[in-house]
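Below: a set of structures, written as structure tokens.
Next come two complexes, and both contain chain A; in the first it sits with chain B, in the second with chain C.
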Partner chain A sequence: MIGLISYLIFFLILALSFGIAVLGLNLQWGYTGLFNAGVAGFIAIGGYTMAILTGPSRDAVLGGFEMPFVVGLIGAMIASGIGAYIVGLATLRLKGEYLAVATFGIAVSIQLVCLNWEYLTGGTLGLIGIPNPSKDLATGPLAQNAVYLGIVIVIGGIAFWALERIVKSPWGRMLKAIREDEGAAASLGKSPVRVRLESFILGCMLMGLAGALLTAFIGYISPSDFLPIVTFQIWTMLIVGGSANNRGALLGAVLVWGVWTSSGFVISKFIPAEIQAQGGALQAILIGLILVVTLLMRPRGLIGEEKHVSRHASL
Partner chain B sequence: MFRKSMISALSVAAITLGGVGSASASDCTVKLGAILPVSGPMGQVGERISATGQFAVDQFNEAGGVKGCDVKYVLRDTQGQSTIGVDAAKSLVDIEGVQALIGAVSSGVSLPVLTSVSVPSKITQVSCCSSSESFTALAKEGKTDGYWFRTYSTNRSQAAMGALLTANSGFKKTAVIYVNTDFGVGLAKRYAADIVKLGGSISSMVAYNESQQSYRAEVTTALQGDPDSLFLVAFPVDGSTLTREWLALGGTGNLIVNNSLRSSDYFEAVGSKHLQKLQGYDSAQPRIPSVANFNEMFEERFDGPPNGPGLHSVYDAVTVVLLAMEASDEITGENIRDNIRIVTAADGEEVYPGPEGIKRAKELLAAGKSIRYVGATGGLQFDQNGDVQAPKMTWKLVGDENVETGYFTTEEIADLIKKLDD
Partner chain C sequence: MFLQHVADGLLSGAVIGLGAIGLSFTMKILRFANFSHSELLTWGAYFGLIFFTIAASLGNVFDAPIGPLSFGWGMFVALIFSAVATSALALLLHKLVFEKLNRVAGHMTMVFASFGVALLLRHMVLLIFGPNPIYYSNELQFAVLLPGNVRVLPDQVFLLGLTIIVVFGLHLFMTRSRTGIAMRGVSENPDLSRVAGVNVSSIINWVWIIGASLASVAGVLYGLTVQLRPELGFGLILPLFAAAILGGAGSLYGAVIGGLIVGLSENLSVMIIPTTYKPAVPFLLILAILYFRPEGLFGERK
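Up next is the complex of A and B:
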């Protein structure tokens, strides 16, 4: 039983860390209608910032600041926010598929920068020895992971609470207004470009935060962690859970990550050993099938959008 | 739908867990975890490696298993992604209760598994294929607690071999095209430093990113400066694209390639007749009867020779771990870690792969003697960082035949590296 609990804690750390990135994407896509196909890039910025700020000194690579975990988290959000500001200025006049292509290209570029800028990122060798704060707070892997899960839940909880407040605020309703009809929103004196930029930056900061949490937990970061498949995974989580709903975003993160990982477990359990090596293809088919079925049965995701009106309005 | 599949997955997990408890009493099995990329970009390579791992387990079972128990090989796919690999490893350790992990293939997956699963949970991890120097660095900092081993020689000796081969062929100006991964970058940089010491020179160093449709731009850059040879560090699929374009654009046929390209996939994709001036190096299968024996056993099982990256080394990784389990009073990650030293002791009695060799090894261990497993990659000698030094061979193609042209013992390689590092 201990083993199962220990695994579930580990599972939830990864799933909820991804969940924070899904919350960020939900703000962008669910509430504002921004098609950000560059999620992996912003997770990478957050992860590398954490690794550089808190990591030990390294030969020929920037580092040695050994700052506390919290500084790493804040730094990761600031860095990804700055990255998003620059990207946003350049791309947010684009819409829909054009924005998707532009952000996708940026994520690939960020990954290539990580791969090649050795002084900053260690290049393909990655950065080792990133401290995990739970190692100082508890002894034994189970207790340490439990502490780390606590950290992730607290941070994820704050992010969730803040987003719930935000989307119910006038600013949140403005996001939806812009998503639904930009012209109408502009005619009421709102500035769609500015609001979209704000939403984009805030969402990317959450992705950076997720990257920082994952990096400190794993203790290692390398460019191969930020291939476009990560963006696809985060998107799947949002679509399955239900966009424009923060609960849906978190639920989607846990369920999709669960399917993704448990399908491997099921295959290693039920496929005969001789054809196990072909199990990988089966796993991909299984995941694809579940996605398609969800989209057919629940096109708006498991939990759809909630209606938000001002609490001052009388219905 | 999702809830259901989650619940069924969890109940499967619960049943398994119950199964472990009761299994140890009646019919006993010992589990060995494997985390390998059987799908994704490394899928082709990973599938063969995994099948060879299973083969090693089967042979051990033929010899009576570990302490009379059947060994079960539990494979999980990493899809070549670090988060998936880490999760798979954690689930193998926590839910399946494995005490040793084989894998992964790419260093970018093996390293996070090591730091976030194996070391904290005290699980021995033996990789067949990860070559990054980051592991050595981590071990030197004392952050692996000795739980890390690899049966694949590091970039250091591979670079030395490539350089030696280039210099011995009399090439003076070499272009280098390498895959932009930790493996490729580490190897290419070392090679560039080594070749200069052996009297050669580098005309250009060009990195390429994996899985592109065409490498015309990279090849064109590499052709500048009129090189008389090309050192190519690649994997079969991209490697054949690169080689075809290199030859088509007028590049020299004087190719030196890394061990991953010693693969029939590569020869067939490019066409052997275009590769008659190609030379390569690989971990050698030492000239001892037992190794020929391994190759024969392999051919019998798979209807083909064990050509391809990681096959010999995964066989040894699995066998060494199982022998270490056999030598342990209680099968725990910690005991496996310590006993790997006992079953590869320099002064131990030599034992060889295959059911007969394993039976012999088990008898010696039962008698309390230390043994020296001399496996499919030769005599395994792990240093304090878990790195292995293996003998090397050089090869070329004659017609369609892959022919060995030279053999270098572990000592010769060590001397060569010492000379190059001075």
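Up next is the complex of A and C:
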């Protein structure tokens, strides 16, 4: 029983951390119609910022600031926000599919920097010894993980609440207006490029936040944590849950992460160690199938966008 | 060294150009950026491996290397059968996924579905053939020394020759055959072409067949001159997009020249930046072209 509970806590920490990234993607794709194919890159920026700001000093690698956890979180959001700003300036004038290609390229480039800029990222070896704040707050792994889950729930809850407010605000309605008809929105004096940039930055900051939470929990970061498969997972979570619905984003995160980990468990049990690479392929195929089948059978996702009509409108 | 980089750039550029033609056509005619196109190169290369192995077992004519090349006549059999098999795969994907989505969803959903399809295709190769690199043949080849101290392998000369023949053949097809002319019509204006009696859905099938066939040739040539890996196509996603966007969507020669530019820039970049950052070069090209001339070098300005 204890084993089950402790596993459940562990599972929820990861699923909800990813959920925060899905919320960010939901703001970009669900509400604004921005195709960000570089999610993994922005999660990586957040994760590495956390690792550098809070980690111990290392030989020949930038670090040793040993700052508090909260500074790491804020720093991660700022860093991925700045990254998003630079990227957004260059790409957000572009139409949908070019944006997809460009953001895909950004993720590839960020991955290259993670692999090769050893002074900043420790190269392929990555960075270790990143402090987990729950270690100071509780004793014993179970209690520590429970505390960390509490932290993730509080932060995720704040993000969820803020997004719900944001998308119902005038700014949020403007996002949807631009998503539906850019020309009409522009003719009403809105600046689509500017609003898209704001939405893109805010979404990427949430991805950075998710990366920071994951890194501090695992205590270790390396370029292999941010392969393009992560981008696929986040996207599948959003599509399965239902885009343009923040509840759907979180539901999708828990469901898809559940499928991913349980299929990984089954594969590691039943497939011999020599062909584990093929086992991993089966997992990825499963995610790809879920994604394509959802798009074909239930494009709205499990709980899709609710229809919002202004209470001033007469029907 | 400079000339060697130029030679290597032209060779990898030829493969990228061949692969990018199909991508460019899909972007123009089917109006979506197909992220799974590069996986057709991977599948083409592995289909080629299957048919090459079968052909080589049929007799010495197919197996014994032709002159200085590393392969026998079986390679030509493999090229043809692989093109057929890859086209069948592309048509299957079109029928099962893209055609349906095109009717019920927006075109960004198709872009997104192509992401999922790419993931599926890539990992199926990994599942079937395993993660290790494979080669078509283990024959040793002697490099030919060209003026300027440039070394090329006979297989690479074959690559360049075949690329020129294929592109020229496609040029004839697009300008002389009824299907080719109708295809250009559909790419300009699908509604008007339909009114003029063009069977648009059959033209769309042709786009897939041509794109997939060229992708399979490019995949086999890549496998021949580099190696076969499940990530073969994945590593080419950005170079292919860079070539197609550089050339301008829908432009045959644009895609080829775009491919050459991408190949040359990648290979010449190692003279300025560390080799490890080479994969970022196509991305920088994409950013530059989208910033300065989003319709591409040979595209039409709207």
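Everything that follows uses one rule, which is that the second predicted complex is superposed on the first by the 274 of 315 C-alpha atoms of A that agree within 3 Å, B and C clash if a C-alpha of one lies under 4 Å from a C-alpha of the other, contacts with A are read in each partner's own complex, and residues count from 1 in each chain.
Here is the rule we use: a contact is a pair of C-beta atoms (placed from the backbone, for glycine too) under 8 Å apart; a residue touches a chain by one contact, two chains touch by 3 or more.
This one's a predicted model, so the numbers in the text were calculated from it and none came from an experiment.
Engineer: For A:73 in the superposed arrangement: first (chain B), second (chain C), both or neither?
Structural biologist: After superposition on chain A, A:73 lies in contact with neither partner.
Engineer: By residue count, is chain A touched more by chain B or by chain C?
Structural biologist: Between chain B and chain C, the winner on chain A residue contacts is B.
Engineer: A:141 contacts which: chain B (first), chain C (second), both, neither?
Structural biologist: A:141: touches chain B, not chain C.
Engineer: Which partner does A:299 contact after superposing on A: first (chain B), second (chain C), both, neither?
Structural biologist: In the superposed model, A:299 contacts chain C only, not chain B.
Engineer: In the overlaid three-chain picture, which partner chain does A:116 touch, first (chain B) or second (chain C), both, or neither?
Structural biologist: both
Engineer: Contact-wise, after the overlay, does A:284 reach chain B, chain C, both or neither (first, second, both, neither)?
Structural biologist: both
Engineer: Which partner does A:100 contact after superposing on A: first (chain B), second (chain C), both, neither?
Structural biologist: After superposition on chain A, A:100 lies in contact with chain C alone.
Engineer: If you stack the two complexes on chain A, which partner ends up touching A:224: first (chain B), second (chain C), both, or neither?
Structural biologist: So A:224 only meets chain B here.
Engineer: Just checking: does A:266 make contact with chain B only, chain C only, both, or neither of them? Give me first, second, both or neither.
Structural biologist: First partner only, chain B.
Engineer: So, does A:4 touch the first partner chain B, the second partner chain C, both, or neither?
Structural biologist: first
Engineer: Can you pull the chain A residues that chain B and chain C both touch?
Structural biologist: Looking at chain A, the two contact sets intersect at 112, 115-116, 229, 277-278, 280-281, 284.
Engineer: Can you list the chain A residues touching chain C in their complex?
Structural biologist: 33, 35, 37, 90-91, 94, 96-98, 100-102, 104-106, 108-109, 112, 115-116, 228-229, 232, 235-236, 239, 275, 277-278, 280-282, 284-285, 287-289, 291-292, 295-296, 299
Engineer: So in the complex, which bits of chain B are touching chain A?
Structural biologist: Against chain A, chain B makes touches at 1-3, 5-6, 9, 12-14, 16-17, 37-40, 43, 46-48, 50-51, 54, 73-77, 79-84, 86-88, 90-91, 93-95, 97, 106-109, 111-112, 115-116, 120-121, 132-134, 137-138, 141, 143, 180-186, 207, 209.
Engineer: Mind listing the chain C positions that touch chain A in their complex?
Structural biologist: Residues in contact with chain A: 27, 32-33, 35, 97, 100-101, 104-105, 107-109, 111-113, 115-117, 119-120, 122-124, 126-127, 130-131, 234, 237-238, 241, 245, 274, 276-277, 279-280, 282-283, 286-287, 290-291, 294.
Engineer: Considering the complex alone, what residue numbers of chain A touch chain B?
Structural biologist: 1, 3-4, 6-7, 10-11, 14, 112, 115-116, 123-126, 128-129, 141, 144, 214, 217-220, 222-225, 227, 229-230, 240, 255, 258-262, 264-269, 273-274, 276-281, 283-284, 290, 293-294, 297, 302
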